[in-house]
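In what follows, subunit A forms one complex with subunit B and a second complex with subunit C.
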Partner chain A sequence: MNHLERWQRKWRRLTWGDVISTIIFLLPLLIFLVILYGMLAWTFYVSMADWRGTAPNYTFVGLKWYKLMFSLDRFWVDVRNNLKWMILGVLPTTFVALLLAYLLEIASLPGTESYIRTLILYPVAMSFVVTGTIWSWMYQPDKGVFNTILRALGLDFLTGRFTTDPATATYWLILIFVWQYLGFAVIILQSSFRTAELQEMIEAATVDGAGRLRILFSVIVPNIRGGMLILISLLLISALKVFDIVYVVTFGGPGYSTDVLAFFMFIATFQQHLVALGAGLGVIIFLLAFVVVIPYTIYAFRKWFE
Partner chain B sequence: MRRRRLNTLTILALGTLVVLTFAYMLPIYVMLVASLKTPLEISQRRYLVPSSHLHFENYTQAFTLVRQALVNSTIISFAVTLLAAFFGSLGGYWLSRSRSTFAKVLFILVGIALYLPYQVVLIPLVQIMAKTRLALTHLGLILSYLILNMPLASVLMGTFFLSMPRELEEAAEVDGANKLQTFFYVITPMALPAYASTAIIIFTQVWNEFLLALTLSTPKTTTIQVKLAEVKGSFVALYNIQMAAALISVIIPLLFFLALGRYFIRGILAGALKG
Partner chain C sequence: MKAYRVSRWATVLGLLLVLALLVGACAQPTPQVVTKEVEKVVKETVVVTQVVEKVVTKEVEKVVTKEVVVTPTPKPEEKKLEIFHWWTAGGEREAADAMFKVFKEKYPDVEIVENPVAGGGGVSHRVVLQARLSAGLPPDTWQTLGGAELKSYVDGGYLEPLDDLYAELKYKDVIPQPLYNAVTIEGHPYSVPLNMHIQNILYYNKKLFDELGLTPPTTYDELMSVVKAIKEAKPDMAPLGLGTKEKWEAAFLFDSILLEEGGPEYYVKLYKGEIDVKNDPTYKKALEKLQALLPYVYPYHSNLTWDESCGLLVSGDSAMVIMGTWAIGYFKSRGWTPGEDFGAVTFPQKPERILLFHPDTYGKAKNAPHPQTVMLWLKTVASPELQIPTDVIQGGLFARLDIDPKEFPDPIRQELQTYVRDNPQKLILDQHGSIAPFSFTQAYWDAVAAFIADPNVDSTLSTVSDLFQIYDVKKEAAWYKWP
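The block that comes next holds the complex of A and B.
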């Protein structure tokens, strides 16, 4: 049956019942979307208003607060830190997850697969506040778990200042993120492996005598681009939005060495009451997220309406 | 040759197993051990050794601290989960069945809103909640989370609906059922696993959310995450209480995860658009 014909027939048969059912299906989603996009537009406007202090002030001042934002040293520290998050929080996670997922596929240790899945996936069920609470104790320089264990093993030279050293603090925060998202990444990649076509290709390559690493990088990786794209987009967004870990573990410190855009937005808006500046930071975060989410949306769109 | 390869592989896999077990069990293990010690025992810094006498009273103290917040989070998370799964299934079903231009435009708008950073709606949301005084009750946070989780709930449910066969709907239509009847009597009973997956993802998300809760919650509606951050701040040296409170806070989501792990994984995969 032709699509067009079917649609034309449906149009002609359109009844009040169909209209009402469409309204019931769509109305909640539409209402919530309108509110959501309304608030988005509202924030855009606030970022160009002259709102400082607790009372709203909607006087239009154009890019005044953006100019201030771009002149702030703290803003550029945040941008750099967010870039670190988006590179080091995403690429190592994806790479390690790829190796792990492949290892789980090819190594046949009976019973271990579900064990490893549960083991590395449970942090996904926990909040960053909880993991932040544990890890900030583990990182604590003089009484923390890591340094205590290292000293007990006589490995004093390996002890570190972790999140109290401004030069490296952000990296230790990113490690928490990688730890928490690794299982999530493995699950997504593993399911990408399991298509009939890919399994056939792997078999063919094995027959041809290709080594395992070669199969992984020349056969599997090019054929799971869809899964990789989704995974990397999701990780990028999470790394961009990161707020909880910074708030709980370092509160942006020492100084503002671990500050990120999302944290500065919170401080600017709710502590310094520079609401227009906070809105501007929100807009910047949104625009960055928007760029990241475009490939995801296009991919999803194609898949959905194929 | 083949044998030797298999052996290296087994050794590699076993090595990975040990490293992962260590990396993922150590945090939760030290946490558990510390939560049962006195501050004095913790200060002796023998973190891997459980205390000779288990101090369960830490949990009583921690529980008293977080009880109200646990109740608040339970009310908020369950309400949002139920509403988002229900409304999301309606919107998601329509999106999965309509091929119209309107559906395509709507899908793009949903896609952009799917992982919207909360920062970009935070200021208006605080204004609305303060003006309408909704922030004083649980309803404020419930509505906020519902609005923000609606796109995700729709896409998750829709992804499952897309993978369901159409024959039954066509049969129901031939039998004279209208769209709503078809949805509620034919589709919904078949989609129960999809509801479970969507619900567990939304629940975990709302339970663990921090930024919005931090800015919107009032003393009467404080959520568990906000309370936990507060406990961490005010019981700085009392790691035993901190860890006990943290463990109490993960019991509910962790139980869901362990009991409904299959649905949890299916939910994650649906979020990655694999129905």
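The block that comes next holds the complex of A and C.
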């Protein structure tokens, strides 16, 4: 019996109750979609309206605020910083997580694995506001933990200005992100290792005498594309919309050297009262996120039609 | 025959639907006049469109409608006051409590509904308030700074002018003229100030200054020689403390230099957008002077908020800091006694002693839910009974000039209040009160903070000059009148 026949049979058996219950179950989804896409459309419109100040103003002015946005040095600093976040926040996390996850799989001493996993996963459970505050204390150049330890060890030449140096501040912020998302990445990768197919392949490769690194890169990595894609997409989106770390640790400073799009959106809307500009920045973030999820979407669709 | 498995509630729903359709589609078969009496408890002004006559013939259907305007039945106002403010931090919370205590004593039957939002200077406060205002659900009254912030609410049409209240209380005569100007937009006062904060105060570690035999500086040149002397005596110290995490602190420091370099008229003209910054020698000179000072400034300033930068004095990392009057409360909370552990001078005092100020004020919302109670509140805010306990705790000066400066416990504010009473014309709106619009000020703070973190005179000149153009400061700041 093929799909079509099955569908037709089902269709014929459909009752009023089925129809109504379907509508009832679809309704929340529809409302959700209307609100979500309605709001998106609204934001898009506001970005082309002349809304500055506290009162809404929906006069259409076209691309006026986008032109202003592109003329601001701050916007381009933000774009550069967001790119840094998306590259340096995602690739090292994925790579280190891959090694860690594999290490936990192969070298687990009985009983310790769950402890280590909890330890690695723990930072994910905390809010960025909490970890950001702790890290900013550690980064404090004159009284923070890092420099104090380095000075105590006589390694004064290694002490740094961390987040107070405009040239490198963003990298220290990204390090917090990597640290915090590592456990999450490990969990996702570990779960994608544990398919029966993959385990068989690993066994076969072991029997054939392949080394552990060889197994990792030639057997495991090519076969966990789904998990990797999900992980990288999620990390990319988190890196793209990062706000809390910046807000808590540097507030965009020194100057606006660690500013990111989401933070500028907040400043523009609620501090500068340029609501249209803020909406425009929101649209830019949305478009970037859209580009980021395209590879995953393509993969997902392929899988669907396989 | 196939039995339809229709559940009971589905049947009911279906029936209702059919019924609704029937009712909607029903037509009158013969010409007839429909009259109906409407009885309704009216709570608000509504326009009721009532079908009075409906004449139906075979070809023509004519509907005659009549509009009936119903005004609300007057109803006694609830004794309630909904208020938004951001005084939640230590010292400020106590000031808010003192403020409400005075009001409660006067009007014990009014219930105060507070919506305090945490965050210094009202950063988060504005987010919440903005949402309420755009949704058309204003609180009765809310805290706002005078100047550009107040103007943004007036421009949005969210506040009512208070000319009658000012006339009744003769409030204009008891507050300094520059303060009145800071709450007056296009000739109408829109809010009632209860204090004044002064921005350009230099605090110094008095014991250290006595030890080194230094006098507190009141000009840039004196400041330079003092920082050099301190650096020589205490090489580990950063003589001038600074925290620029929230950016405005950077503009505070720069304002002090700018005010001395250009004088008060220049300062006002600058923030009104009437100076061509790119080719302006005064602005350039001020930037260079700031750059020359930077080696003596706390180097990790971008990590610190204003209170942490004042903490540098207490911990002995710095000897001086330029901060507003609210720092007095902070030093006291750290156990420092004014006049003993720390002193304060107005900085600069050349070419003349100008005080840069901003007020905390309360206005009356348009369509306030409790309009009568708000007026009671505003009258209380204007009264010395409220200003004395509140301002003494919170840290500013009294808005009213007829209050005895001796009401302040510390010598610093006694002296400042006396100076303001005798020279009310020496007040100019500061960075917080802001002559220029909000959109500009925020971006300007960032530019100055960026300069302090990584000084580059030429690029800063062109950035600042662009900001004046982009945010149309000349037009937006035209409302400000000084003196």
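Things worth noting here:
Keep in mind that, in the parts below, the second predicted complex is superposed on the first by the 293 of 306 C-alpha atoms of A that agree within 3 Å, B and C clash if a C-alpha of one lies under 4 Å from a C-alpha of the other, contacts with A are read in each partner's own complex, and residues count from 1 in each chain.
Following the convention adopted for this analysis, a contact is a pair of C-beta atoms (placed from the backbone, for glycine too) under 8 Å apart; a residue touches a chain by one contact, two chains touch by 3 or more.
Because the structure is a prediction, the values reported are computed rather than measured.
By the document's definition of touching, neither partner reaches A:Ala185: not subunit B, not subunit C. Once chain A of one complex is fitted onto chain A of the other, the partner contacts of A:Gly17 extend to both subunit B and subunit C. When the two structures are aligned on the shared chain, A:Ala97 is found in touch with neither subunit B nor subunit C. Of the two partner chains placed by superposition, only subunit B is touched by A:Ile149; subunit C is not. Legend: residue contacts after superposition of the two complexes on their common chain; A:Ala239 is shown touching neither subunit B nor subunit C. When the shared chain is aligned, subunit B and subunit C each come close enough to touch A:Phe270. Of the two partner chains, subunit B is the only one that A:Leu40 touches; subunit C does not reach it.
By the document's definition of touching, of the two partners only subunit C reaches A:Arg52; subunit B does not.
When the two complexes are overlaid, the chain among subunit B and subunit C that reaches more residues of subunit A is B.
When the two complexes are overlaid on their common chain A, residue A:Met228 makes contact with neither subunit B nor subunit C. Shared interface residues of subunit A (contacting subunit B in one complex, subunit C in the other): 17, 20, 56, 136, 270. Across the complex, subunit C meets subunit A through its residues 4-7, 10, 13-14, 123, 126-127, 130, 133-134, 152-153, 155-158, 244-247, 299-303, 317, 438-439, 442-443, 446-447, 449-454, 463, 470.
On subunit B, the positions that touch subunit A within their shared complex are 9-10, 12-14, 16-17, 20-21, 23-28, 30-31, 34, 43, 45, 47-48, 87-88, 90-91, 93-96, 99, 104, 106-125, 127-128, 146-148, 150-151, 154-155, 158, 162, 178-180, 183, 204, 207-211, 214-215, 225, 228-229, 232, 239, 242-243, 246, 249-250, 253-254, 256-258, 261, 264-265, 268-269, 271-274.
Those residues of subunit A that touch subunit C in the shared complex are 15-17, 20, 52-56, 68, 71-74, 136, 139-142, 161, 163-164, 166, 169, 250-257, 267, 270-274. Within the complex formed with subunit B, the subunit A residues making contact are 3, 7, 17-18, 20-22, 24-26, 28-30, 32-33, 35-40, 42-43, 46, 56, 100, 103, 106-107, 109, 112, 116-131, 133-138, 143, 145, 148-149, 179, 184, 187-188, 191-192, 212, 227, 230-231, 234, 237, 240-241, 243-244, 247-248, 261-262, 265-266, 269-270, 275, 278-279, 281-283, 285-286, 289-290, 293, 296-297, 299-301, 303-305.
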